[in-house]
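I've put the structures underneath this note.
Okay, so subunit A shows up in both of these, paired with subunit B first and subunit C after.
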Partner chain A sequence: MNEEIKLSKDLLGPGLGLIAAAGYINNEGGQAIADAATQLMDEGAKTLLIDLDGTRIINSIGVSILLEILERTLDEKGKLAFCNLTPTISKTFEIMGLVQYAEVYPDRDAALAALGGDATT
Partner chain B sequence: MEVVLHLPVVPNVELVAAKAVETLGGALGMDQSRVEAASVAVVEACLNAMEHGGGPVVVRLRSATEAERACLAVEVEDHGQGFDPERAPRNRSSRILGRSTKRGWGLTLIRELMDEVHIQSAPGKTLVYMRKYVENAP
Partner chain C sequence: MTPRLQRSGEMPLPDLLRLAELALRGHANPDLLEQLLRATVEETGSRAGVLRRGDEIEARWPRTISPQVEASTEGWSEIPFGADDHPWRLRLLGLERLDEAALAATSLGLRAWGLREELKRSRFDARFHLWELEAIRSIATGIGGILDTSQLAEELINHLVALLGVRSAHLYLGEDAGSAVRVGGFGTPVIDAEDLERAWQHGIYKDELVALPLQSETGPLGVLAAAEKEARAGTEAFAANDVRLLELFAVQVTVALEYARLTRESLERERLNREMEVAAVIQSHLYPQGFPEFAGFRLAANSSSSRQVAGDTYDVLLREGNLFVTVTDVSGKGVGAGMIASGIHAAVRLLSGRIDKLNDLAMRINQYLTGATADNRFATFGMVRISPDGSFHAVNSGHLPLLIRRSGGDVDEVVSSGLPLGILEDARYEQAEGRLDPGDHLVLYTDGLTEAEDPDEEEFGVGRVVDVLRGLVNPTAESLCEKLLRAVDEHTCGEPLQDDATLLVVERLAD
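Now for the complex of A and B:
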């Protein structure tokens, strides 16, 4: 169980940003994702895809920060999407209401095919 | 099998309890998704205990059998002011956007992710009892 979050971010194409996060999504992990989201949005991304491959455990504080990212993307008339969720993370997002407003895809390829990005990037 | 943890209030110590859930749940034959659900619930219980208990948290984990079904039983104990579980807020996902605070989901998650939850609370001692069965109900 790795507590330190590993993060990468890329602007994949016009308006589409990718954040890959693996590790514990707590207040620090959530904030690291939020900072990456802010940078990508400043660079023009309106749609954000957050790939949680490698993330097995989260807490409600971390998810509450993801909800703030969701609000920001909706305020900007953008979109937030997730992929590679474990069943428990998916259920947690459902309980906390995230999946009502965000899109969820089984893996990165499926997400990028739907969102118009390039999976090889 | 029993594990008792005395957790000091330090960053990320709740992951020690999550690791114990993973180890005991795995030894009981619980599948990965049930172990992870129990881990998140125990993490939330520890965070609540540390936030509201104001001091060290005791976590007891043991294998148990209830109505001939094997389960992982977890108790999280703190020594804070206590609260009335019946009056604790029950969050609803339909009211999530636009709220100034998005906190307060701990108890809701615990109740949804565990199979059984019981809370005893009084000034000076709060106990959150949780059970996760090894297998889904038949």
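Now for the complex of A and C:
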């Protein structure tokens, strides 16, 4: 089982950026997400939705990078949201303090409906 | 040489505020230090700057400072500041103006930044310990119920990879290192057969690889290996805490594997018990549910099994106006013996009345049985056909003597005329003839009775059976059964029989 990260990003609408990440979120996977987040924020995204459909494992370095992304979005008065978390990752985010400040949705449709984006994008 | 701080006038308040604001900013932007340095370089009219913490360079501005310029001492001002636990050093090239207030603002900001980082790390570490505990709890409750080793391995490896932050983790299971196979893993396997052998024996503890044996009470069950521990950039050596965590995982998976093994064994036992119960029910229906009416005769029987399914069986049936009685004892016990006994039982029912001579009937069953049993089982067999007038024909195939107790107490025998059934395909048997007069008893039994041992391991024997029969006075079929079984019970001092035991008695009623 090898799970290299597969990543895509898109600016969905005014201020809303989507990052879809599938694979092992480790130092490399986490950094790829952080780079995508930086680019989207530079393009004007205040709210970031990270869709983790296809991600089963995240390690502590991956979590620390996501925490940094969370801090940056909060610092920019923005918002960070996640969707499609496995039960294990959801529990990990809860323990590591991510869900205290980030929003979590069961799937992308629910997230975009709440955040005001277009689910078909 | 450390150049002295050069001063060229006080820094304007807006510049100071800009520095302080940057230094105290709370976000986690990894460029913060670079921004701070850049502001300092610009506000002090310097050409370049380097910010160090201890021996580490935390920021350069501009980023393109050449190593030659950075290495030279000419034109650089080096300004140490910060508390002892935060030894910051600021190097500025071509410094024009910097005052104590600016340094204090920068120092305070950097100290606040450092404390925030430390606080974040502490919080992260505390939460990470909770994560560890949760993973251990999850493994204990989650994989504890998993019987499939592949699924168990996947659950374990997922937790292990996440918590240890490794790029490779694999679980090997087997009887020994040579036969162990990888049952699950993540990333590229990094141990070869030689490593596996070493890990199986003593474990491997290297900077880049830790492989631990899964130690059970009966010896190693397998090896849990993890490699390539990640750092923020690249990889780093495993720390003592990582090894401790991996050891904890190894214990957890060993317990889970032992639990899975015991559960599988328990389920298998239950399955076998259920099958035995079903087989016993089937076999019980093969015994006569009652004796057929045969005028002038009375029957009694007793059969006990040392297991749920017996290798003994008997039958009583009427064919063409004659009474057929049989007794069969298959070598061995349990389901296999019971199935063969049932097969003979069915053959007897099929052939009785169709074949005139009982020795021919025995030969036909023998031919059927020889080669039909995979494990060289055989069966002793006795059969008697009794006519209404008391005359009888009998065949004894390797069985104990069939006994005829005469009304006066004498005992005649129909001894074996050949090998047990199932040994030799062309075995031949003789048919014996005789007569049961009124008051006579025909006694068929198996070696479960004659081989019953007393505390000194002396068998009851055919001789004692004969003695008991001789000592009876006007017995009935029922009382003969009872007294013979009681004598066996007294012989064994009440201990249960070690083998299947069957007793069948036919009494010709006195006129």
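The rule is simple: the second predicted complex is superposed on the first by the 119 of 121 C-alpha atoms of A that agree within 3 Å, B and C clash if a C-alpha of one lies under 4 Å from a C-alpha of the other, contacts with A are read in each partner's own complex, and residues count from 1 in each chain.
One rule holds in what follows: a contact is a pair of C-beta atoms (placed from the backbone, for glycine too) under 8 Å apart; a residue touches a chain by one contact, two chains touch by 3 or more.
Since this is a predicted model, take the numbers as computed values, not measurements.
Enquirer: On the A-aligned overlay, A:R72 touches which partner chain: subunit B = first, subunit C = second, or both, or neither?
Expert: Touch status of A:R72: second partner only.
Enquirer: Please indicate which partner A:I57 is in contact with in the superposed arrangement: first for subunit B, second for subunit C, both, or neither.
Expert: both
Enquirer: Quick check for you: in the superposed arrangement, does A:S8 touch first (subunit B), second (subunit C), both or neither?
Expert: Neither partner.
Enquirer: Regarding the shared-chain residue A:Y101, is it in contact with subunit B (first), subunit C (second), both, or neither?
Expert: first
Enquirer: Please report the subunit A residues shared by its interface with subunit B and its interface with subunit C.
Expert: 1, 3, 24, 26, 56-61, 64, 67-68, 71, 74, 88, 91-92, 95-97
Enquirer: For subunit C, which residues count as touching subunit A in their complex?
Expert: So the residues of subunit C touching subunit A come out as 25-30, 120, 123-124, 127-128, 130-131, 134, 138, 157-159, 161-167, 184-188, 230-234.
Enquirer: Going by the contact rule set out above, which residues of subunit A touch subunit C in the complex?
Expert: Contact set of subunit A toward subunit C: 1-3, 24, 26-27, 56-61, 64, 67-68, 71-72, 74-76, 88, 91-92, 95-97.
Enquirer: For a test of understanding, state which residues of subunit A touch subunit B in their complex under the given definition.
Expert: 1, 3, 24, 26, 56-61, 63-64, 67-68, 70-71, 74, 86-88, 91-92, 94-98, 100-101
Enquirer: Enumerate the contact residues on subunit B facing subunit A in the complex.
Expert: 12, 14-15, 18-19, 22, 33, 36-37, 39-40, 43-44, 47, 91-98, 102-103, 105-106, 108-109, 112-113
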